[in-house]
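Below, chain A partners chain B and then partners chain C, in two separate complexes.
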Partner chain A sequence: MAEHVILFAGPMGVGKTTAIRSISEIGVVSTEADNTDRETADKPTTTVALDYGEIAVGEDEKVRLYGVPGQRRFSFMWRILAERAIGMILLVDNSAADPIADLLAGIDDFRELIDRGGAVVGLSRLDAAPRPTVLEHTAAIAAAHPGLMIPVIPVDPRAAGDVRLALMTLIATIEMRDAFRPEEAR
Partner chain B sequence: MSTPVLLRIDVVGAGTIAIDPRRHAYSGDLDLARLPEHPTAVVVETHPADHGDAGVDGPGRDLDGLLWRIGTVAFDDRPASWRWPGDRYRMLRWPNLGEIGAGPDDLRALAMLATTAATPEEVAAATGADRGRVERIVNALGLIGIVDSGSAAPPQPSAPVVQRRGLFQRLRDRLGF
Partner chain C sequence: MIPAHRDPVVIDEARAALRELRARSRSLTLATLLTDDGFEIASEPDGHAADGRLPSMASSIQALADAVAREVAIGSGEFVIIASSRGHVIQRRVPGRPIVLAALFADDETLGSALAATRLITERLAAVAPTR
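Showing the complex of A and B:
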């Protein structure tokens, strides 16, 4: 069975579970528990290990979608899941207190995966908080990580079309980087 | 010292837009989907940036969308006038995909130009995209100002790298993307 693992990462409450639910062909398996940090995200439960969904590409091939827990105390899970992944969709809530900081922290946390595979940034709640703009997020990445080019896409995690666009952009990026990786890095 | 300007563009019969290049934003009643490929008349006005009536309303929309639309239709399938034959192009940043309505072939072409410098011909050969469409994409990226050009070395794909039936294509078929 060929499998392709894609991570959905980002702070607690950004919409990772919802995004996976939008495009998964199976009921999303979630391991949630009571949220004891209502100050960070005002929702009754939060993911403590992972969410799981999948898309069957053929009889013997699946895209596995894993949502990683947003809270830093579960960061040991990030490493375990990242090892199996080919890429990541990093969700950032543009209405958060400091979305640029969330963006850059997410890149730092998964830099190895980003360099090895690829990443797409999905900006949510842009309608409620239009600044920083997509361009400003892109500029922040370029300033903090010269040479690193990551697509930044407005994403409503509830909208399957938005999440599909992010996923397809990620796959296109990964395939092209694989195709044109320098000989010494292959 | 240069003075920042605002632009006001009236596409006769289609609508009017205000552009603020400093904010990379535009606003107005011009529906991009209805922007004629060959408008009968276009009136362009410039105003100093402190001109009260000519500014962009609210946060505006990302200028990428407008420039992409113009760049992909203004020169048909031919290279834009500022381009040189044989140049290879490499993208400097991704355009705002939420604004440009990129199709699957566009995505693959953009992903390649984000990865390596290539001519439109090389992009078309590697991705299977229509050559004319790639010319339009490069024109649009040039108009947005996010593509570098020059005589870089040709791209070196690891064969058979650009798989016509790679995961992207299989997933595209599966999702009806």
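Showing the complex of A and C:
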């Protein structure tokens, strides 16, 4: 059985655990601790190691879904999990103080994975904060990283259909990049 | 409620507990008390918790160990041991508190005595640290 690892990344409180719970076909393994940093994200618990879920794709393929902690002090977990991953869904809360900065920081933090595999940006809370728009996020990526192809789509982490769409978009992006990659680099 | 890593009373108690651990275990190399979500409360020697990386890593390891214990339904985890050729790390939760002790011992400390010392310290700290 082929297995693929996909990361869910993004700042603390953006909805990574919720997104994995939305689509996982197994009970999600969570590593949540009491959150003492309520100024950064006002929620009772926070992920300190990983979230883990799975979905089957057909009979012979399994996608392992890993959520990484949002806080930078856990960046060692980003590196450990990124090594095994083929791609990443970067969630960005559009109602945050500076969502473009969160977007660009997430790309910088996982650039090696993005270059090796692929990424999709899932914009959440667009209903509460319609600006910057999807196009403005796309333009910010193009300005900061010319030539880098990262689709940006609206995602409600609570909506399984939204999260599945982001996942399918990511898989299509990775497959397309593989198809166009020079033979010797595959 | 003040988080444990910003509560001067808890920080003082944590420092005293770590000093006691040092007095009991001459091979103690480094010890830190941390919140469940990876913030350093106190360390021994003071300020040597490797730029906050040890508390963060200890927090992740503790959460993973707790997740495994949950998954295989063996109750709550009591302690975690990382044994290597030149020493061992013992992690132990302060009973009933969102606080974890991570202690690095050189290899001349027997595992038994290190476990006993960390148990004594965490139980003592449980009496004075805030509950969840």
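Quick notes
Please note the rule applied: the second predicted complex is superposed on the first by the 179 of 186 C-alpha atoms of A that agree within 3 Å, B and C clash if a C-alpha of one lies under 4 Å from a C-alpha of the other, contacts with A are read in each partner's own complex, and residues count from 1 in each chain.
As a working rule, contacts are C-beta pairs under 8 Å (C-beta built on N, C-alpha and C of every residue); 3 or more make two chains touch, one makes a residue touch a chain.
Quick caveat, the model's predicted, so the values are computed rather than measured.
Annotation for the three-chain superposition on chain A: chain B and chain C fit side by side.
When the two complexes are overlaid on their common chain A, residue A:T31 makes contact with chain C while staying clear of chain B.
Residue contacts after overlaying the shared chain place A:R73 against chain C, while chain B stays out of touching range. Our angle of interest has its tip at the CA centre of chain A and reaches the CA centres of chain B and chain C; in the overlay it is 170°, to the nearest 10.
Set against each other, chain B and chain C differ in how many residues of chain A they touch, and the higher count belongs to B. Of the two partner chains, chain B is the only one touched by A:A142; chain C is not. Within the superposed three-chain model, A:A101 lies out of touch with both chain B and chain C [touch as defined at top]. Of the two partner chains, chain B is the only one touched by A:R131; chain C is not. Between chain B and chain C in the chain A overlay, the least Cα distance found is 26 Å.
Chain A uses no single residue to touch chain B in one structure and chain C in the other. Those residues of chain C lying in contact with chain A across their complex are 3-5, 35-39, 52-53, 55-57, 59-61, 63-64, 66-67, 71, 98, 132. Of all residues in chain A, those touching chain B in their complex are 4, 23, 55-58, 61, 63, 130-131, 133-135, 138, 142, 149-155, 162, 164-165, 167-169, 171-173, 175-183, 186.
Looking at the complex, you find that chain A touches chain C at residues 29-37, 46, 48-50, 69, 71, 73-74, 76-77. Residues of chain B touching chain A in their complex: 24-25, 58-59, 62, 64, 91-94, 96-98, 104, 107-108, 110-112, 114-116, 126, 155-158, 161-163, 166-168, 170-172, 174-175, 177.
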